[in-house]
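Scroll down for the structure; my scribbles are underneath it.
All chains are identified by letter, namely A, B and C, in their written order; residue positions are counted from 1 within each chain.
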Amino acid sequence: MVQVDRVALLGALLFTAGEPVAKERLAAAVESSGEELEGLLEELARRATGVGLVLLEHQGRVQLATAPEVHGVIKTFLGRAEEARLSPAALETLAIVAYAQPVTRAEIEALRGVDSTAALQTLLAHGLIEPVGRRSMPGQPIEYGTTAAFLERFGLPNLGALPPLPEEVRQLLAARREAH
Amino acid sequence: MVQVDRVALLGALLFTAGEPVAKERLAAAVESSGEELEGLLEELARRATGVGLVLLEHQGRVQLATAPEVHGVIKTFLGRAEEARLSPAALETLAIVAYAQPVTRAEIEALRGVDSTAALQTLLAHGLIEPVGRRSMPGQPIEYGTTAAFLERFGLPNLGALPPLPEEVRQLLAARREAH
Amino acid sequence: MEVSTRFRDVPVTVGTFSGPLDLLLHLVQSRQLPVTTVSLRAVTEQFLAALGPIEEAQPELLADFLAVASRLTALKARALLPRPAAEQQEEPEDRLVHDLAVYQAFREAAAWLQARETAGFRSWTRVPRLWPEPRVVRGSPEQLTRALLRWARRCRPVPRLLRLRPVVALPTMIERLRARLRGRQTFRVLLGARPTASEVAVGLLALLTLVRRREVVVEQPEPFGAIWVERRISDGAG
């Protein structure tokens, strides 16, 4: 029997699934260890660029999507209406969730200095953020994180593709987190 | 300007289209002659094998699909599928269709306040909703309703078995619809 | 007068700011200043001047703007009022500088996201096909009602947090203090009965302005104690 190319197999599985698939399931399907899988996915991502696709990775799940470079033609082709633009308040809140996740509403409001209820609701309705858990502290506030749809909407393969925050800001954030 | 790889562009277009696409549309999208297109599609088919996909051609239409060699694994993979989970956006849209049917896309979007194309497509793909008619008004928009499969998968004998909504929510649904 | 003309050079458009830190950052950047204690002090008057129009445009946000206004005013006061040496060691105002620096970084990240959005630089995923067989979704009726309850909550208008009296403009407050000052009085009495948070913030700034104009002298015998105000005997009369 011909040895099936496991990279190709992963591509076919992700193509069929359409939605994000947990890495454990993929590893089981191609009978690989988690470490081997990483290598296979890397090779798949490399081959996918040749057919205009990228591999999105979010919270241990992967998904095939079109490369952001070809967005213009696709939009015309699909006949998609112009998407509603996010307000500055929503974008600001989204940026905070993206970098500081998991993050509570109170933390977002402390960072923005302003009530963020409406901005959070807009982002939830657009499916760009979602509740990802509850903070273990009095009141157990909801923690928010970004979704796979966020990566898709902004053409990011994963959260690591966000531009890094300035070093001093990262330190300030870390110090604040410890203080809590 | 960066020269976009037209083979990759075709791959991305066929990936998002999901269904067979007429060659003339493809040629127009990548600004190629029919003859050029054949060459591009040939190269796409070659690259696609690397990611487990093949190019199906039928009556002048082409489509991306999984390679036959991997169907066995895909079937096992899908058979073992963890239950698919609806996103909060899809679930909200489904709830609106269930309680307010028959309902048009414009009405759903007015109620939710956001573009609901993706959510509707997901629900249609899962066979949970279907077009049930057309509204007699300018443009004759499609009206959606839930399917028999929806009742079965949500454990309902009929639509009358949906739990009653709080009065306040009922009024909100009714008021918003009328206002539209 | 330096103080009053300075905040006219950068007109502030009301209603375009996503919050008090956005306004503050805008004021600092309009003067091409870095985010420092000094630059925050420099834009304090301008920030307070913008409160009135903001209350008209977005009254529900005023409480948040006032919270920053009071921190700014405290920071400004530290620079202008003499303080015991022991007080100088701690610099709590750095906290506002840090907050603004962190906010600035997120603003830039938001701008980066916005640029991608404007350029339409995005990916598209694929709706799962019915072939070879659909993945089965199962759920419960209660999930549907919960989804609608969440939706209904979202539909409710954001409640107005506070109804506050209009913010007093700085020149008005200066006039008010001048008119009320009889002999030697405490700042608290000068403010009148039950002043609002904004009146305290603007009042303190008005007082500092009067000090700088050499119209009054102030004395605070103990830290955080009462501030005594007295009209300055003009050189001509003495």
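The rule is simple: a residue touches a chain if its C-beta (ideal position, glycine included) is under 8 Å from a C-beta of that chain, and two chains touch if they have at least 3 such contacts.
Bear in mind that the values here come from a model prediction, so they are computed numbers and not experimental data.
Relative to subunit B, the most remote chain by averaged C-alpha coordinates is C.
Relative to the whole-protein C-alpha centroid, the nearest chain centroid is that of A. Chain pair with the larger contact count among A-C and B-C is A-C, by C-beta pairs in contact. The distance from the centre of subunit A to the centre of subunit B, each centre being the mean of the chain's C-alpha atoms, comes to 21 Å.
Rounded to whole angstrom units, the spacing between the C-alpha centres of subunit A and subunit C is 33. Centre-to-centre separation between subunit B and subunit C, using Cα means, comes to 47 Å. Residues of subunit A in contact with two or more other chains: 15-16, 19, 64, 66-67, 74, 78, 124-125. Contacts with at least two other chains are made by residues 124, 126-129, 132, 135, 154 of subunit C. Residues 12, 15-16, 18, 65, 71, 74-75, 78, 81, 83-86, 88, 91-92, 94-96, 98-99, 111-113, 118, 121-122, 125-128, 153-156, 161-163, 165-166, 168-169, 172-173, 176 of subunit B touch subunit C in their complex. Within the complex formed with subunit B, the residues of subunit A that make contact are 2, 4-5, 7-13, 15-16, 19, 22, 25, 28-30, 44, 47-53, 64, 66-67, 69-70, 73-74, 76-78, 80-81, 83-84, 124-127, 130, 147, 149. Put simply, subunit C touches subunit B in their complex at residues 124, 126-145, 147-152, 154-155. Against subunit A, the residues of subunit C that register as touching in their complex are 18-22, 60-61, 64, 67-68, 98-99, 101-103, 105-107, 109-110, 112-114, 116-118, 120-129, 132, 135, 154, 158, 161.
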